[in-house]
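The next part holds the structures, each set out as structure tokens.
What follows is chain A paired twice: with chain B in the first complex and chain C in the second.
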Partner chain A sequence: MITRQFGSEVRWMLRRPRTIIGLFGLVLVPIIISFGIWTAGEGSDGPPGLGAILQGNGMVVPIFTLFLSLNLLLPLVASIWAADGLAGEAQHGTLRGLLVAPVSRVRLLFVKLFGLTAMSLFAVTLMAVVGIIAGTAFLGTNGMMTLSGTTLTTGEGLLRIALFIILVTFQMVSIGAVALAVSATTEHPLVVQAATMTTIIVFQVLGQFSSLDWLHPFLITTGFPGLIDVMRDPIPTGQIWDSTLLAGCYLLIGTGLAAMRLITKDS
Partner chain B sequence: MINRKVTLAAAAAGVVTGAAGLSLLAMPAGAGQPPSLPAVSAETLVEQVLTAKPAAFGGTVEVDNKLGLPAISEIPQLADGKHSARIWTDGNGKLRLALPNGQSEQTIVDDGKTTWSWNSQDNEVTKSEHKADPRPDKEQAQEQKAVDPATAAKEIVTQTKEFSDITVDGTARVANRAAYELVLTPKASEKTLVREVRIAVDSELKMPLRVAVLTNGAAEPAGTVGFSSINVGPQDPKLFEFTPPANAKVTTPEAKEAEAREKLPEAGLEAALQGEDPQLFGTGWDTVIGGRIPAEAMTQVPAEAQGLVDRFTKKVSGSWGSGKLFTTKVATILIADDGRVVAGAVPEQVLFDTIGQVK
Partner chain C sequence: MTTSTSAPVTTEKATVVAARTKGLRKEYGSTVAVDRVDLELPEGAVLGMLGPNGSGKTTTIRMLLGLVRPTQGEIELLGKPLPDGAEQALPHVGALVEGPGFHPFLSGRENLIRCAAFEPLLEKRNIKQAVEDALERVGLAQAAHRRYRGYSLGMKQRLGLAAALLVPRKLVVLDEPTNGLDPAGTREIRKIIAELHAAGSTVLVSSHLLSEVEATCTHVAVLHRGTVVAQGELTELLQAGGSALQVITPDVEIALSALRSAKISGRPLGDGLRVELAGTSAPQVIETLVKAGVGIYEATRWKTGLEELFARLTEAEEAERGMSAVDTLDGGPR
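Our next item is the complex of A and B:
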């Protein structure tokens, strides 16, 4: 029963034209990055940080792409899906039907959350796969060189990419869960997207001020840069755990608030 | 209806748990109860530290720096703020250091024969064979000293034994290991900026786990170097091997140094200072090191370096002449306009009194 609902939810999300266009836009990112690094050529000063080791190291492209996209692009995508999930249905009048149906409202929320997770995982994996292909095609590859100067075998490199996909997806789902809570309170999907993106941007701005450093541990965006540790060898787990636990707290708060709102909502 | 209330309560509990988790994550980790350890005399402890056999371990070192040093692009780890480094050693001279700097990383591997230094920012490996060239080794040693609390504390203890009171001031828990707090206090006659140096010594390995320097008039340490996590025991031998990545540029330290000299004005100044034998004045904590920068080096300083110097120093003058004073919390440097230089962990007045003796 619930698996059928999960399936129909994902099919419903995938069938929308805007999803297809969005996914197409997402896969352009790794291609543009690979092309850009390739045209910059050997010996040029690459972008700082992870970008500096991209030359001749195509397997890092998926990680670089996701790391960059995590700041704005992926939260935007998560917020769109969360907005469509509840606010979008409310706008079309279809949510009313779901709320009066003899299906538990908590189950409805979990179906929406599952849709969000599945689509986030799909989008992130798609970007990573295109990143591997584009990176290898444009920049070549010889295993995967880490930030620590060690070279991993292709298999180990793929494992790192898989780990990063999971970590990034989890961050996306956590942001999406908070967006779902907003989505449960309104009939206007745009409000959800605007609220989510404003929050993410404001968080990043707040993160720039060292005078507000007491606030930083509460901001989900504080955890983003630490995920780069996946590219160090051996992997330091401290920051990765911290980021993931931080996102987990947001997931709990978002899901809880969304559930509270849905349960008390007049149908 | 009851069912709805239960679900609502569960959802609310989820929100509360999440919020509590956030606050828990934001709280700095507590130091924990200080462990109870058998009493030990300060002298015995110092001796044990000095004779302790180096252990094999891997760990993360946190540097909390409030010294007031300017940021130098080559050694970002020295700039004010918190920095961390990961360190592995097999206890027999093999070593691996990972110094993250933002998104990039510097890795230093000493495999016993060769020291490799890798910087992800410029995809460059510096390779130095041990015997062929002793100078980079010395540099390497200095670099390790800056980060590895083991070496740092040993150095301090040896140098200050005769000019300081050494006491054991209770115990502490550092990186989840029981440690004695060894405290060095400069004797009252010492004219120094340093109030005390606290060294947490591991109760089993007798290895310093944390070094904190406290200065006069400040409750918080000016600088702390210590392990935030450590696992003692044999480390993966693979960590002490390094193969330069396929497309990395491999250079020697000599080539690198020549390049650095052109690029960095500070390097020129350093070379100028090294030309003269440094002169030492006084003993113990208020030792002042003096030297003279050759006149040509003084005039050759490029404008940008001059700007850098002016930004971090203040102009001073006295019966000894005039010059520039550079102050940090633990050290003061005085550069006279005629090229005389004195420096020490002392208040500026001591430097004014000493600079006349520089030959």
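Our next item is the complex of A and C:
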């Protein structure tokens, strides 16, 4: 029964025109990045940090793409899915139908979380795969050069990409879970998106002020930059672990709040 | 069939009920949407829930389906207490509440398939057939591939009905099912209700269209200002509403004086007079009139229509609110 509901949920999400458009937009990012680096040509001043090793190093494109997108694009996509998941269903009157079927409210939340997770994983993986293809095509590759200056074999590089996909997906799902909690309180999907994106942007702004450094460990956005340690050799696990733990807290709190709201909700 | 687990006082005759509410109350902030609703839905009945807009019909239905938590009161649905028993009871309940709710970007069929995926009583392999059957039943088979976005109001309503009928149900709850339907569509809904009734399902229909209820229901509950002002079997309610005899005659004056001397109350009406049958009977009235030499063209029993009953029930309360004390009907509103 639950697998059937999971399947129905993912199929429903995939059928949405906005999902298709959103995925199409996501896929453009690695292509544009690859093309941009390629046209900039050898010897030019590329973007700093990770961008500096992109030239002639196509396997880094998927990582660079996801790393950039995690700041705004991926939270936006997650918030759209979370918004449609509960607020959107309430708006269309379909939430009532599900509840009367009946789907227990807790199970409904799990169905929604599953949909969010599956679609996030799909979106991130899609971006990475297109990144690998576009990066290799435009920039060529010879293994994967790390930030530490070593070069990994293609196989090792793919493993790093897979690890990064999982880490980024987890961040995305955690943001989505908090967005789901907002989604459970309203019938207006736009409110959910606005609230989520505003929060993400405000967090990033707050992260700029060193006078607020006591606050930084609590902001999910603080964990984003540390994930790039995946590109070092060997991988220092400290920051990656902290970021993931922080996201895990958001996931738990978001899910808990969403469940509490959903259980007592009048629909 | 009901397993009355928590019924300490069952002194009344044990009618088998599909649903029952006791002292239901729902507050939204400071407004009381529904108060002291004691509703009984006998098994196999077609209960018409009547009431003007805003009388609490939909709120009551939403509480019956576990969508809304009552502020106070108890609900029993198919023998299970709500909200705890919702998961056992609701699979047997089909509902169309507050208009049809579907996704505009999916076709009618795809929408139903999504609904079907969440129906606990439907096996996966039977989903396709159940969806086609439901579409056929409401006359949407031809339009099933079209997007819901482009459906007319009537088609949307039919799709909502189809979703309620995906599985054979013990109880079907239809909130304003004929909204937006043309006369032909209305007749079809009536037909479907009759079919459900014949198959032994219990049906709860809410409507503000009185003729609708009168034509299809066995039982009626009248809601007004958030509370039940009358309920029972339709025929009983109508009889209790009193009856009269309408006599078509040219000799109105003679007739009236004859009735007056026989202590029967009557008044001129149209081409004749209307005689109240309280304390007397139709043959007696006619005998009196004939003996007085009144020419009678036609005498018809005046049946209280639902419309009249409804008007009286809701107006009685209206009057009471205005003048503080006029006799009230069943229920005694606040």
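FYI, the second predicted complex is superposed on the first by the 266 of 267 C-alpha atoms of A that agree within 3 Å, B and C clash if a C-alpha of one lies under 4 Å from a C-alpha of the other, contacts with A are read in each partner's own complex, and residues count from 1 in each chain.
One rule holds in what follows: a contact is a pair of C-beta atoms (placed from the backbone, for glycine too) under 8 Å apart; a residue touches a chain by one contact, two chains touch by 3 or more.
All of these numbers come straight from a predicted model, not from anything done at the bench.
Comparing chain C and chain B on the residues of chain A they touch gives the larger count to B. Contacts of A:Gly93 after superposition on the shared chain: chain C is touched, whereas chain B is not. Applying the stated contact rule after C-alpha superposition, one finds that A:Arg15 touches chain C and leaves chain B untouched. In the overlay built on the shared chain, the residue A:Thr264 is in contact with chain B and with chain C.
In the superposition on chain A, contact is made by A:Gly7 with chain C only, not with chain B. Of the two partner chains, chain C is the only one touched by A:Ala101; chain B is not.
Using the contact criterion defined above for the overlaid structures, shared-chain residue A:Leu246 touches chain B, although it does not reach chain C.
Judged by the touch definition given at the top, the superposed model places A:Thr198 against neither chain B nor chain C.
In the superposed model, A:Thr153 lies in contact with neither chain B nor chain C.
Taken together, the two structures place residues 264 of chain A in contact with chain B in one case and with chain C in the other.
Taken in their complex, chain B has these residues touching chain A: 4, 7-8, 10-19, 21-23, 25-26, 60, 86, 98, 100, 102-105, 107, 116, 118, 120-123, 125, 229, 239, 242-248. Listed in rising order, the residues of chain A touching chain B in the complex are 48-50, 52-53, 55-57, 106, 142, 145, 147-151, 214, 217-218, 225, 228, 232, 234, 236, 238, 242, 245-246, 248-257, 259-260, 263-264.
Residues of chain A touching chain C in their complex: 1, 4-5, 7-8, 12, 15-17, 92-104, 264, 266-267.
Looking at the complex, you find that chain C touches chain A at residues 62, 65-69, 86-87, 90-91, 93, 95, 97-106, 110, 113-115, 117-120, 124, 163.
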